[in-house]
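These are the structures in question, set out in turn.
You will see two complexes here that share subunit A, one where it goes with subunit B and one where it goes with subunit C.
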Partner chain A sequence: MRRAGLLWAVVAGLILPLIPLALWSVARGWRFPDVLPPDFSMVPFHYVFGPVSGVLPALWTTVLVAGVTTLLSLLIGVPAGRALGMHQFWGRGVVEAIVLAPIVVPGIAVVLGLHGVFIGLGLTNTIAGVVLVHLIPVLPYVILVMAGVFANFDSGLEDQARSLGATGWQVMWHVTRPGVAGGVIVAGLFAFLVSTGQYILTLVIGGGRVETLPLLLFSFASAGRNDIAGAIGVIYVLPGVLILLWTARRITGRGAAWMVRP
Partner chain B sequence: MTAVNVAGVMVTYPGADRPVLDGVDLDLADGGLTVLLGPSGCGKSTLLRVIAGLIAPDAGDVCIGGASMRGVLPERRGAVMVAQGGLLFPHMTVAENVGFGLRMRGMAQGAVAAAVDAVLAQVQLAGFGARRPAALSGGQAQRVALARALVVRPRVLLLDEPLSSLDAHLRRDMRDLIRGLQRDSGITTLLVTHDLIEATAMADRLALMLDGRIRQVGAPEAVYARPVDRDVARFFGAVTFVPGRAHGGVFDCALGQIRVPDDARDGPGALVIRADAVQMGAGENALTGVVRARVFLAGQVRLDVQAGAVSLQVMLSLHQAAGMEVGASVALHVPRDGLWVVD
Partner chain C sequence: MAGPAVIVIAALFGVGLVAGILRSWGAWGDVLTSARVWAGLAISLWIGLASTVMATVIAVPAALVFRAGFRGRGIALFLFQINLTVPHLVGALGVLYLFAQSGSFARLAYHAHLITGPAEFPALVFDPGAVGIILTYVWKEVPFLGLVTLAALQGLDSDHEGAARTLGATRARAFWHVTLPLIWPALARGMIIVFAFTFGAYEVPALLGQTYPQALPVLAWRSYTDVDLAARPAAMAMALLIAGVSFALIALYMRLGRR
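And then the complex of A and B:
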């Protein structure tokens, strides 16, 4: 019973703040001092999914940028996490500090300097540039998650597989991959969500040409269109919630049981 | 078929001030079971990993079947390791674990299944194929690990403390199982252990390792009765060393003129008196002493006896020790076959 109560408290804490957002997206003529909207309509959603608003292209851009960022961050972060989680090496402390730095240093402090560099490289106003700059806040999460996963992975299993006649690639596929897959899913989820949440970095490097959902959301919100901002907000939140619900079963179910050493 | 020759192997771990393997030479007889015995941390497991190819030695070489293994990958050596505790793949069933090596070699599914069933029966685990490793006892996991190694027909089997994770009553069964399977298969085997009983019970040949060096190799009984030096003797449980000088089968020391085996070295040295070599009553090399302490050790009795200037440990059966309380005078003798002389 107490566990159920705690669960509901967490759910309420996560869901309640989103209710005004959802209300705004279907409200009509909602003004002070009304507690609830006097009338409902689907007009904001019709507008949002219509050709004029630019929401659908922005959604596509957001997913594309986040998807590519996730893939690249895993390509870099999984081997880096393995090195940090499994091996002792000279200069390890320095590497860890560098990996952690983007979490400590605010993005805005870096991005203005980077803007100049990216102009020189011709990367401003491009999807590639935005992906590259998203890697800065995304990589620390991926590397730290994977370092933790690999620290709990028994490298003796790899040696055992080699000794039984498996080649390096076979070991990676049949022993290492199943052992860390749950962790890779978590790290990828983090990467995707952190990337979709970026505002300043996208704005500066994308120069307004690369328009993602947060940018659109902000412009409607600052224009006072709470109904449309609410509708975009619902669309914006939905993918994260869906991914979370889908992966939660895989992460907590049998899929993750063997991640833990017996 | 497959002899293994280790020659001059040196390994120093990064940051360590002393080598963990300091010039190790060891030959494993073809088809025999060699036990590598030594205290924890003496480098036994490291040597196993060097032979398996998981650690490259700084110097020296390992030959398997006459061919140098320098630069040969672990998966191509045919030297399969069975790690402490079994180290089963947790995400695979017992059958998948056992069939792993064969699948990696590209064997057809049906053939793998047949081989797995056969080897599981050999280790008395028929019908366990569908279980998960987490659902196995320590002894079962160890037998699965053994089956997983045997099924690939390795040239060399490397067993790292296969009994240490087992309860005492399971050890003897497992010991007999390993010994039997090894004899039947004729696979050249190196078994690492720190347990004296285990080592002497299983070995065709016994190699004693101390501080990264092989100190003595031979039949278990020979190493036990004829230690090359004081460290080896001490490892085998000897506690009494009496300084003196040997000449022509007689050892001159504080206990008087003691007859020692004729092949004992001449010159200054120490007389090794094992606790189990001392017998009660009169006989060769008779001594008298006073009981200083008496300890009952589950069926045996250990007496500390003061014989002149020498303090002796004596191990007796409960029956023999009757009436030998602290303070009693006792007559002892030590037949020369139970004595040895070291530096």
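And then the complex of A and C:
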């Protein structure tokens, strides 16, 4: 079938850029015009995991920032997603516009203004400041994903439990939680990925002091260290691919549009 | 219930915007008459437009094939989605290693005797046409728009397209006159998000862009970090220019949602 053939060509094109990156991470002396590396070695990875490169501290910073950002976003984003997914209320249009704004408006447009304010508050160059600014892209994402999850959740089940005498906490724990737990986990995992993908917000507010993996990757890449950049790139990509492997079936079909970001 | 989240977003976002407006005061005259700024705006609009159109043209047919189904659909769909989780920066690096003048394609061209050295390979990164930047975004946004389209296709209630085909419409006509109008609201929303992102994102043009003219986000950040602190208000004004374009897009998005 010709159309399927064309689709496989598209898929191949999408995978293609990842191949030289992976090759560079194990390459040694790979110069023009060699199509493949003449020699393979683990030197790039040894360097990356060694004490000089700064990758391990950056990895830790990335995970810390993304972890805290995700937890905070879930804490306040899940109730907001429920409100948007299940209820009609006055001012809903305004709430939608506010949630949508950070998804459409690029980070650079607001982060330069925030920088001046954060200096005054002592939040620049700190993990706390970076977490706060990461909430801008991550929180709307969690809200929209959870709105989709709650839109598919049958609130009649809660009413039934309540009419049978369950307390508010019992309803939440025994009825709502099992109904949406899968969605919360997926939202959390992808929120984590959205945070780890941030570059300019971290650069501006972290001031280069809070160094995450993308910042380090960028500096090795602009310095022309293709082998080190390749190795960092491989480490950087792996968690996302693993998460996708685990959730692939959940993010297709109806409502999938909100599960992903450009 | 939505209160705390909305307050947090509105506060961070609003403070950033208002502080930007206040601090950009006085720089607007210079910014709006600067050739650098207009050239940067033009290149950013070009990047956004070209990336969005190319990604859509690839993503929509891909989604149609996925909907039709074929052998190996599951694995193809998984591979198709992989880039969703791969950061832009990694994609930009991949494009750099493939398309640079000493990259994989240049090496293949050398072995095919098409070129005799790296300098003869066409400049596809750090180039005036922003080809490398656009390729990176197309690579990243095809899966996004593909899934948006696939979700819209799967959400269609009944088989209007099949009805049109039964009544004698060609496959192309049935798609153009029946299916496309039905999925258009969702697709257009996806395209707006892609345009806004590719127009305003920083790291890809920062890595793959040429020295002049620079894309507007790159220009804004470079001005902000200029040794001359007097350039900061101008940087704020450029950032607000980006925000202005984005707000026009939000208005468009909300209008599409209401129909």
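Heads up, the rule we're going with is that the second predicted complex is superposed on the first by the 229 of 262 C-alpha atoms of A that agree within 3 Å, B and C clash if a C-alpha of one lies under 4 Å from a C-alpha of the other, contacts with A are read in each partner's own complex, and residues count from 1 in each chain.
Keep this in mind: a residue touches a chain if its C-beta (ideal position, glycine included) is under 8 Å from a C-beta of that chain, and two chains touch if they have at least 3 such contacts.
No experiment lies behind these values; they were computed from the predicted model shown.
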Problem - Partner chain(s) touched by A:Ile243 [first = subunit B, second = subunit C, both, neither] - result: second
Practice task
Could you say whether A:Pro33 touches subunit B, subunit C, both of them, or neither, answering first, second, both or neither?
Solution key: second
Problem - Most subunit A residues touched (candidates subunit B, subunit C) - result: C
Exercise for the section: Kindly classify A:Leu56 by the partners it touches after superposition: subunit B alone (first), subunit C alone (second), both, or neither? Expected result: neither
Practice task
Check whether A:Leu114 is in contact with subunit B, with subunit C, with both or with neither, and answer first, second, both or neither.
Solution key: second
Practice task
Go through the superposed model and pick first if A:Met42 touches only subunit B, second if only subunit C, both, or neither.
Solution key: neither
Exercise for the section: In the overlay, answer first, second, both or neither for which of subunit B and subunit C A:Leu193 touches. Expected result: second
Practice task
Have a look at where A:Ile98 lands relative to subunit B and subunit C in the superposition and call it first, second, both or neither.
Solution key: second
Practice task
Show which residues of subunit A both subunit B and subunit C reach, each in its own complex.
Solution key: 261-262
Handout entry: Complex contact set, residues of subunit C against subunit A
Key = 1-6, 8-10, 12-13, 15-21, 23, 58, 61-62, 65-66, 68, 70-72, 76-91, 93-98, 102-104, 106-108, 110-111, 118, 136, 139-144, 147-148, 150-152, 154-155, 186, 189-190, 192-194, 196-203, 206-207, 217, 220-221, 224, 235-236, 239-240, 242-243, 246-247, 249-250, 253-254, 257
Exercise for the section: Sort out for me which residues of subunit A touch subunit B in the complex. Expected result: 154, 156-157, 159-167, 170, 174-175, 178-179, 258, 261-262
Problem - For the subunit B and subunit A complex, residues of the former touching the latter - result: 49, 52-54, 73-75, 79-81, 83, 87, 89-91, 100-101, 104-105, 133-134, 148-149, 152, 158
Problem - Sites on subunit A touched by subunit C in the complex - result: 1, 3-4, 6-8, 10-11, 13-21, 24, 32-35, 76-77, 79-80, 82-84, 87, 93, 95-117, 132-133, 135-136, 139-140, 143, 193, 196-197, 199-200, 203-204, 214, 217-218, 221-222, 226, 229-230, 233, 236-237, 240-241, 243-245, 248, 251-257, 259-262
